[in-house]
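Shared chain: chain A. Partners: chain B in the first complex, chain C in the second.
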Partner chain A sequence: MKNLSKILLLAFFLALLILPPFLDAYVVYLLNIICISILVSTGLNLVTGYAGQINLGQSGFVAIGAYATTILMTRLGIWFWGALPLGAVIAALAGFGIAVPSLRLRGVYLALVTFGFAAIVEMILVHWVSLTRGPDGLAVPSPQLGSITLNSDLKMFYLNFSITVLMVYIAQNIIHSRVGRAFVSIRDSELAAQAVGIDLTAYKIIAFVLSAFYGGLAGGLYAALVMFISPDAFSVLESVIYITMIVVGGMGSILGAIIGGATVSLLPELLRGLKEVQEFMFGAILVISLIFLPNGLVGLFARFRKAPKIGE
Partner chain B sequence: MQDHPSQAPILQIEDLSVYFGGLAALSGFNMKVNRGEIRGIIGPNGAGKTTLFNVISRFYTPSSGKIRFENQDHLTFKAHQVITLGISRTFQKSELFKSLSVLENVQMGLHIQMKASFLSASIQLKGIQEEERHSRQRAMEILEILSLQKYRGMPASLLPIGKQRLLEIGRAVVSHPKLLLLDEPASGMTYAEKSNLVDMLFKIREQMDLTILLVEHDMKVVMNISDGLTVLNYGKIIAEGEPAEVRNNPLVIEAYMGKSR
Partner chain C sequence: MILQILVSGLTSGAIYALIALGFVLIYKSTEIVNFAQGELVMIGAYFALLYASFHMPYYFIFLFAAISAFIVGILINNLVCRPLIKAQHLSVVIATFALSFLIRSLIRLIWGSQYYSFASPFAEKTYKFGDLVISPQNFWITVISLIIMLIFYLFFKFTKTGKSMFATAQNQEAASLMGISISKVFMLIWGISSGLAAISGILLSPISAISPYMGIIAIKAFAAAVLGGFNSLPGAVIGGFLLGIIENISAIYISSAYKDILAFLVLIVVLVFKPAGILGTETIRRA
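Then we have the complex of A and B:
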């Protein structure tokens, strides 16, 4: 059984590596978007799904990653392969900056502060014209890999796919370590977590910083993919979409963040013709899954499997 | 019973007072606990027993008074540092990590003895897997002592209440603490589970050289297990001594039963 799922996973990976050149360009673009969304939701899942600290500011971190990567490349002439991780680190630093003052807050208050953070980032992007060119946006140079310029969706897909696989693997490793257990312990009982020696502040900050790093990395990759960024791609509504991803997929599950990232990121494409009701649809999906799928799509699958056997 | 007359007390509490607003949860509380002792703390609801635990765990800061644990000023430590001193506890209302498995709950008790950081874990640096395997092994040993090994993969929230209480003890003792605070471990247990609990506690103390503070309402459990009893009422000690003599103390009877007419 375990072997079968390993083989299936391998086949799935192989298919994703072999098939894209034969796929429709639009489908390849969507695959890129899915990878980037999975990156964002995997990061968000660490802080909100596992550590239980609501973060409605993820779009702010994505924006910082996208703009920092671009500006480092265009203004300072830094190579993409340096600018990308640096952009993610800058987003992580912003995560640290927002985590320290707001971790005394809980629930709705933390949600409000993080939401406010994302709104402020969006405002800065619009108004700091000398750096961001405001609503006019910035052109993003394509990454160079040796003599290859990653200037097509197909070439970018292989980059996005590899980084996403790597970062999901890293998240998986963190979750299965004492750090991941510490995150869950904070979500389940702050009292008991302290009693076993968890420094709540330190671990909440780590979770926030990781989440921001993932968001920033995704932002940098997004910028390189679409080759043009402007503030409207990073509106606070995106933060709600990211939360929807982990809620729909299943909070506190690596697979949940993947499934949620993959499905929810396709919705705007499916709802193209219904631009006016898109936001309403996201709200509706969020509310419906909160009520009917408290453990997300992953929880739905789990319900059909047998209950855990004693002794397994 | 173990006897260490030559050693200084492991825990010394002097003139401890805790006020919530105008209400004295503890006032002028003094206590010495010897190494290896099992001290029962009893008293009616609201007498201040759990408050005492929460002060020792550093969840509360007392209004006045001193606590010395192994001759260190205990009040300089933060809540999450208390376990590193060798003090561990269970809670009156079960505080398990409900979405973690039974095994992972016990592993949480080893958190402070592990080293993995998010960086070393993320790239699986050498030693991380070994450390994880070792902690799993130690946790399994505790589960075996408590006869919970067959539940190891189950989410803790699915365990029956009596077993949840045992699991909480397992999480607390896996790090081999010096002082264990048990807050009503028998509550929610069936009759059979309670007598099993008493056996377990003796077994654990013998293996680990533990000192135990026990808050418990079940008189049979407390009387069976404690070397000494401290009786609290309205935040003050009203009696102290060996179980048999405390039981017949008129003040204690009055606190529990009301004044005889």
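Then we have the complex of A and C:
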């Protein structure tokens, strides 16, 4: 059984590696978006799903990653392969800055601070015209890999896909490490965590920094994919969508973040047509899934798997 | 000059205060932060627009719009919040976000994205008190808001329903042991705070255009509520007026471009340095 799922997973990866050149360009673009969404939701899942610290500011980190990567490339002429991690590190530094108030706040108040952070980032992007060119946005140069320019969605897909797989793998390892177990214990009971000697301050900061790093990395990749960034791609609303991903998928589950990232980022595409109808359906699906799928899609699967056992 | 700034600050402050009251009312009793509060403001304005198209007198428009919003609030409670009563906290917060999506897109489906204006029922002539010039709009907005707040206060202080709502906010368990129906109170609370939001939307509509995006104002009211203390009703009022005044002062002495950021700066500074706000009680324990 365990072998079977391993083989299936391998086959799935292989399919994703081999198929894209034969797929419609639009589908390849969507695959890219899914990868980037999964990256964001995996990061968010670390801080919110595992460590239990509500973060409504993820769009701010994504924005910082995207703008930092772009500006490092265009203004300072840094190579993409340096600018991308640097951008993520800058986002992580911002995460550090947000983690400091999180030491005092919890629940709704923390949600407010992070929400305010994302809103401020968005406004800075609009108003700091000399750096960000405001609402006009910035053109993003395509990354170079040796003599190849990653200027198509197809080429970007291989980059996005490999980074996403790598980062999800890292997240998986973090979860099963000392750090991950500390996150969960903080989420379940701060008091108990403290009693067994977990340094709340340090781990909360780590959670935020990690989440921001994932967000920033996703932002840099997004910028390179769409080749043009402007503040409206990083509105506070996006933060809500990211939270939706981990809720719909199932919080505190790596698979949940993946499923959530994939489905929620596809949702607007499936609901094409009039934009108003699309938003309406999005809201409705979200409310309905919150009410009827309290543990997300992953919870739904788990229920099916566990239910029929007799004698338990 | 400074007096003039204060007075115009009071007008926007009055609106913030009304919306902030709605936020605090819901939070205090149900512990939900209603992120759809801005959309309820917008709904009020659109209801007013709808009833105005029937050529009703202003006070009827006002009354009907407020009652309609009251019903919307109750619907939200019954259809969304009640099923989620045992869910995780985050789920409910996200549900209100989703609601704001829903309401905004519904309004755009019906009325489109264009801006509507709403004829002002008040006289055109400005009032003058010495050097002070007040437009009748601003004057009446402030006066009506103050009257609503007074009614609100009297309701909580002297009616049985009001008292039971207050008791629920203070201690749910004890209140239900005293025979108060918590679910009825929650319903009323959603109705009332939705009504309050709608009233501020109606008052706002003659001075700002009616559009699906007018709910943005709730973010500022939110900052106001935090400034005053998120679990204090008088705090919401004080925070509202204070934010209105701070905003107007900074618009004149610093720059009006940063007026919108200011609300968030206030929000973060208050949350970081004094999370309980001006009048709120400290419920946030140090970790």
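The working rule: the second predicted complex is superposed on the first by the 296 of 312 C-alpha atoms of A that agree within 3 Å, B and C clash if a C-alpha of one lies under 4 Å from a C-alpha of the other, contacts with A are read in each partner's own complex, and residues count from 1 in each chain.
Going forward, a residue touches a chain if its C-beta (ideal position, glycine included) is under 8 Å from a C-beta of that chain, and two chains touch if they have at least 3 such contacts.
As the structure is a prediction and not an experimental result, all values here were calculated from the model.
Undergrad: Would chain B and chain C fit next to each other on chain A once aligned, or clash?
TA: Verdict on chain A: chain B and chain C fit.
Undergrad: I want to verify one number. Taking the Cα centroids, what angle sits at chain A between chain B and chain C, in steps of 10 degrees?
TA: Rounded to the nearest ten degrees, it is 80.
Undergrad: Considering only the touch criterion stated at the top, classify A:F117 as touching first (chain B), second (chain C), both, or neither.
TA: The second partner, chain C, only.
Undergrad: For A:L125, select first, second, both or neither according to whether it touches chain B, chain C, the two together, or no partner.
TA: In the superposition, A:L125 contacts neither chain B nor chain C.
Undergrad: Touch check for A:V287: first (chain B), second (chain C), both, or neither?
TA: Touch partner of A:V287: chain C, not chain B.
Undergrad: Tell me which partner A:L44 touches in the superposition: chain B (first), chain C (second), both or neither.
TA: neither
Undergrad: Go through the superposed model and pick first if A:I170 touches only chain B, second if only chain C, both, or neither.
TA: First partner only.
Undergrad: Give the label of whichever partner, chain B or chain C, reaches more residues of chain A.
TA: For chain A, the partner with the higher number of touched residues is C.
Undergrad: Tell me which partner A:L200 touches in the superposition: chain B (first), chain C (second), both or neither.
TA: In the superposition, A:L200 touches chain B and chain C alike.
Undergrad: Just to confirm the value: shortest Cα separation between chain B and chain C in the superposed three-chain model, in whole Å.
TA: In the combined three-chain model, chain B comes within 10 Å of chain C at the C-alpha level.
Undergrad: Overlap the chain B and chain C contact sets on chain A and report the shared residues.
TA: 194, 200
Undergrad: Using the touch definition from the top, list the residues of chain B that touch chain A in their complex.
TA: Checking each residue of chain B against chain A gives 57, 59, 79-84, 88-89, 91, 95-100, 104, 107-112, 114, 116-118, 121-124, 128, 132, 135, 150-155, 158, 171-172.
Undergrad: Of all residues in chain A, which touch chain C in the complex?
TA: Of all residues in chain A, those touching chain C are 48, 54, 100-101, 103-109, 111-113, 116-117, 119-120, 123-124, 127, 190, 194, 200-201, 204, 240, 243-244, 247, 251, 274, 276-280, 282-284, 286-287, 290-291, 294.
Undergrad: Along chain C, where are the residues that touch chain A in the complex?
TA: Residues 27, 31, 33, 80, 83-84, 87-91, 93-95, 97-106, 108-109, 219, 222-223, 226, 230, 257-258, 260-261, 264-265, 267-268, 271-272, 275, 284, 286-287 of chain C touch chain A in their complex.
Undergrad: For the complex, which residues does chain A have touching chain B?
TA: Touching chain B from chain A are residues 170-171, 173-174, 176-182, 184-185, 187-189, 191-200, 206, 210, 252, 308, 310-312.
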